[in-house]
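So, here's a batch of structures to check.
First chain A sits with chain B, and in the next complex the same chain sits with chain C.
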Partner chain A sequence: MVLVLQILFVSILACLVGLFLIGLSRKVTARIHWRYGPPLSQPFIDIVKWFSQTAVSHGKLFDAGMIFSLTGSVVVVLFLPFGGICPLSGSGGLLVILYLMLIAPLGIALSAGESANPHASIGVSRKMQLAFGYELSLLMILLSLMTYYRTVSIVDIVETQIQAGWSLVQLPLVVSGLAYLLIMPAIMGIRPFEMIQAPQEISSGPMAEYGGKFLAFATLQHAFNIYIGLSLFVNLFMGGGSNAGYFLIKLLLAFMVFQVVHAVWPRFRIEQAVRYLWRWPALLAFIGLIIVWVTTS
Partner chain B sequence: MKLEILLAVFFGGSLLTYLLGKISKRARDILAVLVLLFATAGITSLYGKSSTATLYTGFLDFPMVLSIHPFAWIFALTIAVVGLCAVIFSWLYIRKKGRTDFFYFMMLLVIFSMIGIVLSGDFLSFYIFWEMMSWSTFLLISYNRGKAIAAGMKYIVMSVAGSLAMLVGMISLYTQTGTLVFEGISGSLNSASSGYLQFILILFFVAFGIKNAIWPLHVWLPPAHSEAPSPFSAVLSGVLIKIGTFGFILLIYGIIQVQVFVNLGHALFNVRNLLLLLGAVTILIPTFIALFQDDAKRLLAWSTVAQAGYIILGIAYGTSESLSGGTLHFFNHALFKSLLFMVVGAVEFRTNGVRDLNSLGGLIKKMPVTFVAGLIGVCGLIGVPLTNGFVSKWLIYHTLIVNHSPFLAFVALLGTWGTILYSYKLIHHIFLGQLPRKYEKLQAAPVSMKVPMIFLSLTVFVFGVLPGLPLHVINLSELGFGMEPLAINMWGVVTGSGSIQMLNIATALILGGIVLWLFFRMGPKNTRADQMDNYAAGAPVPADRYQYSVKFYDPLTRMIAPYLKDIADNFYSALARGIRNAGNGIRRIYTGDVGNYALYIILFLAILIFIQLYWKVW
Partner chain C sequence: MTKKSGKMDRNNIGKWFKSPGNMGQKYSLHALYFCTGCGIIEIPPTITTRWDAERFGVIPVATPRQANLFLITGYVSVKTLRYIIRSYEQMPEPKYTVGFGSCPINGGMYWDSYNTIKHLDKYIPVDGWIAGCMPRPEAVFVAVTHLWTLIDKGMATGYLKYREHYAKYRRNQEKILGELEWPPLFSKEEENEKSREKVAG
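== the complex of A and B ==
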């Protein structure tokens, strides 16, 4: 019973946090651009509106991929500690989270693939390449964490940090932490790594064919995605949180940092992005892994 | 059931199938399936048994021994099941091509000689079955003629080199220990020196590594897999190359004990580290090369090379968790890779031999079952949770991480992320995107192809949710090797330092999916739109004019192409060129004209006489 309540609590709160952050992102960007911006409740209004509109579907996989994708995101949230609450701990840890995080983009990719829209396929192709770009560093960063803490469980990593302090300021991990900061915008898909959507260029890429409830689902998935990206960083490098409130404050803090980057940067081309990701962050992550490997052996 | 009878039925059945084909085609098709069903049933009935039987003692005074143990059982069963599926699949596939009797005969011969290899208890029978397998494989690879002959030649040349290395190893073992029976060798190798063991290991690694397609011994595999008939590609990729894996496990865990293997040689330079390094390279380079492929079967072939790297990593690491991971990955790979080759084969069958990814598209509308099978196969290949590849890869990563080998773990994980790229390419280019007009009348795959595909898809899913089933058998075989087995239950592994429970993951994913599906249905009904009826930002793409999935990962591939040359293949090509040139040179001397030879003899005598006259040597 407690487990069911925890699952509901974490998934609904994650969704609300994600939607709130989407609203906040538009507001902050607008203010940095000297505009007024939409109200904070705009994403919520949009979701309700889209969900009541009829939509165009291109086939069974077009529907199923979307559901599959959102399911993947919700399930990842259940494996991430939310300030002391982690509904599904103890089933594989960080490696399982890494794999579950695949489901969401894969679902969107399959769904968008069936729409037979060239823009959608270009967007998916960019997403795949970008993911390959940042995973190179992300995998090394996660491995240095797992090697340093000698566990694959994210709950253990958070608990150790609550006692010993943030990973970001632990000496052997600081290089990996820097690399993580550099790839965070790519993981979250914000500028300068926004080429997947690129509204002015490939008409929102994978999103091109989505309308009505598909767009509502896609936005919900995006909200979860923002939460997952930030939550992983906060849990792994900023010590998680001993309670939910503290955790959310850290989440907001991390979000604001990347929001400022998002507001002022232009967009990379895909090959520039991959070249960047495979150069400095990968180098830092590699050095970080060597440092951890040497100091722990 | 007795092992001798089993083998006799196998080979008798193969021959009978060939002869029956001369009388009735339908009877032959049914008999081939019946023989394989019998094989599957017979092997299943041997579950959990460990026994040895001496078959024959007279041959050169060597005993020929057959033996069954849990580790051989899981290999034999996988071979029989994959073989059965492939033979059912080939019913219609091969009817189009002709020379059907020969195909069935060779197919059954390959399958049963593989079972013979895993059931043999001494090196002599191992070698005999090994050669039978190699030669019948050669005939099947070259079945399509044309380019296939060159692919077959490449295979057989490498295979013979491997067999020779194995022969030298066998002879050396015989002179050292005086026996060829595995148990006897294992007993007398205890006192052997570390250097000798490494020498033996390297000889056998050449043989097994060629079959298992470890980099740099992999070059035969991509052409062979893509040129062979698809049902045979399924067998080739699913189980045949894993005979090398079997050999590795047998040698490292069965004959040389694993404790000895792990401590062999110098701390840095030893056979284990060499094998781990080669395993890592085998994962990395072929994964990148697969990204470049536009031929569906070639892409899958390179992927097979890469997946073999995971298995080698698991086996060579030498902990009981890594062995479980490696063996489980062999089992899983056999299921999903043969499934994928069948999917590509079904598409090839219906489109009259099109394998080029850039000229297909949108087939999901015409071949929905094949698409679902392909999707499940690809998910297994990536290791998406709920499919079988997930658990085996998790075991390998986990053991590498907790035993402090983060760099190997990194290569293994990165390989998986590359796998996602080429897997999506495969699925997208064949089944998604625009359906070209020429395929508008395409039919779905025939039932005889759907049945094996559906069956294999189900196994991929079932063993993904219940990994305890195969892990239980693997635990039995680890007990047989004298290792401490993993703590498992039906849903996964329950070791102390991190456990994996598919129960939680499966429940969360399935329930979550159902809830969201219901929620999705609550919204207003969708209207269906045609594939050309989509948003194009004012610049619509004319139908059938462009193929927009060509060069799908172009920016990425353009970046990595300069660093990615198949050094191994270039090396062998240069070697082959060198040998050919040398041969040409020699042919100038050996002209085949008796007059020339007479001239050589006279010249030779003249030189001898000259030497004798001048220096008075004799």
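== the complex of A and C ==
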């Protein structure tokens, strides 16, 4: 019973936090542009509107892929500690999270591919190439964390950090933390790595054929995606949180840092992005891995 | 702008529970700009820093599937009419169309042109017009507030009109464009109207 309540609480709260962060992102971007900006509740208004519209489906896989992707995101959320609460902490830890994180983009790819829109295919291929770019660094960073803490459990990593301080400021892990900061915008799909959606060049990419409730589901998935990206960073490098409030404050802090980058930077082309990701973050992550390996052995 | 029209009730919680659909449509107008004529030059200042349409929930979107407000910004040539119709038919319902500038209303300065549409509302239903050559960005906001009033009163029903009189619209479209290469959007309605005509005739 407690587990069911925890699952409901964490997934609903993650969705609300993600939507709030989307609204905050639009407001902060507007303020940086010297605009007044939409109200914070704008994403919620949009979602209400999308559910009240008609929608065109392009086939069974178009519907199923969307649900597949949303479900994948919710499951990943349950594996991430939210303050002191982690509904599915017993099994797997980081390794399971790494595998499950692939489900959400795969679902979107299946769904967008079914629509047979060329813009959607370009968006999906860019998404896969970008993932190819940052996965290398992400794997090395996670490997150095696992080597340093001698565990794959994300709950244990958070607990060790609560006692010993943030990983980000511990000497052997600083370099890995920097590498993670550099690939973070790519994981969240915000500028300068926004080429997946790129409304001006490929008509919002995978989202091109979504309308009505499909767009609502895609936005909910995006909200979960933002939460997952930030939550993984906060849990692994900023010490998680001993309670939910403290955790949310850290989430907001991390979000604002990337938001400022998002508001002022232009967009990379995809080959520039992959070249950048395989050069600097990958190099830093590799150095970080060697430092951790040398200091712990 | 009169006192009654265009009053912002975005924070009225009671109204949100009473008619969430209407309120959602009002305060989240995702606009598809059809960049046909010179009117499009007024749109960048409207959506960016100077006038900032986003504070009213009006943002540009990239594809017709995501849009519910269709702005025809300028003259409509016969060639572009085809794509305007296709874009309009792809938008999810409820959808609203606004003609921008005097050209879509009655041809404007292209009143005697051989390849320009004179009356847009013969081919797709139009919920409102912004008169002027050129209308300023403020006029777009006035149009949006009027559209709010129309949605509130249930008068922005262009998309229902399109459904109801589809056969007539399709006939008008075919008269100017020749045979259309896409199948009718509402095939049943067309058959219904034909059978009605047969009975009447």
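Just so it is clear, the second predicted complex is superposed on the first by the 297 of 297 C-alpha atoms of A that agree within 3 Å, B and C clash if a C-alpha of one lies under 4 Å from a C-alpha of the other, contacts with A are read in each partner's own complex, and residues count from 1 in each chain.
Keep this in mind: contacts are C-beta pairs under 8 Å (C-beta built on N, C-alpha and C of every residue); 3 or more make two chains touch, one makes a residue touch a chain.
A quick note: this is a predicted structure, and the numbers were derived from the prediction, not measured.
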First, second, both or neither for A:K49, with chain B first and chain C second: second
First (chain B), second (chain C), both or neither touched by A:S203: both
Most chain A residues touched (candidates chain B, chain C): B
Contacts of A:L78 with chain B and chain C, given as first, second, both or neither: first
Which of chain B and chain C A:V28 touches, first, second, both or neither: neither
Touched partner set for A:L110, first chain B, second chain C, both or neither: first
Partner chain(s) touched by A:L19 [first = chain B, second = chain C, both, neither]: neither
Touching partner for A:G212 - first (chain B), second (chain C), both, neither: both
First (chain B), second (chain C), both or neither touched by A:M195: neither
Common interface positions of chain A, toward chain B and toward chain C: 51-56, 119, 203, 208-209, 212
Complex interface listing, chain A residues touching chain C: 26, 30, 33-39, 42, 45-46, 48-56, 119, 199-200, 203-204, 207-212, 215
Of chain A, residues touching chain B in the complex: 51-61, 63, 66-68, 70-72, 74-75, 78, 88, 90-93, 95-96, 98-100, 102-103, 106, 109-110, 113-119, 121-122, 124-125, 128-129, 131-132, 135-136, 139-140, 143-144, 146-147, 150-153, 203, 208-209, 212-213, 216-217, 269-271, 274-275, 289, 292-293, 296-297
Of all residues in chain B, those that touch chain A in their complex: 362, 364-365, 368, 371, 375, 382-385, 390, 394, 397-398, 401-402, 404, 406-407, 409-410, 413-414, 417-418, 420-421, 424, 427-428, 432-435, 492, 497-505, 508-509, 512-513, 516-517, 520, 523-529, 531-537, 541, 546, 548-549, 552-553, 555-556, 558-559
Footprint of chain A on chain C - complex, ascending: 10, 16, 20-21, 23-25, 27-28, 30, 48-49, 52, 54-55, 57, 59, 61-63, 65-66, 68, 90-94
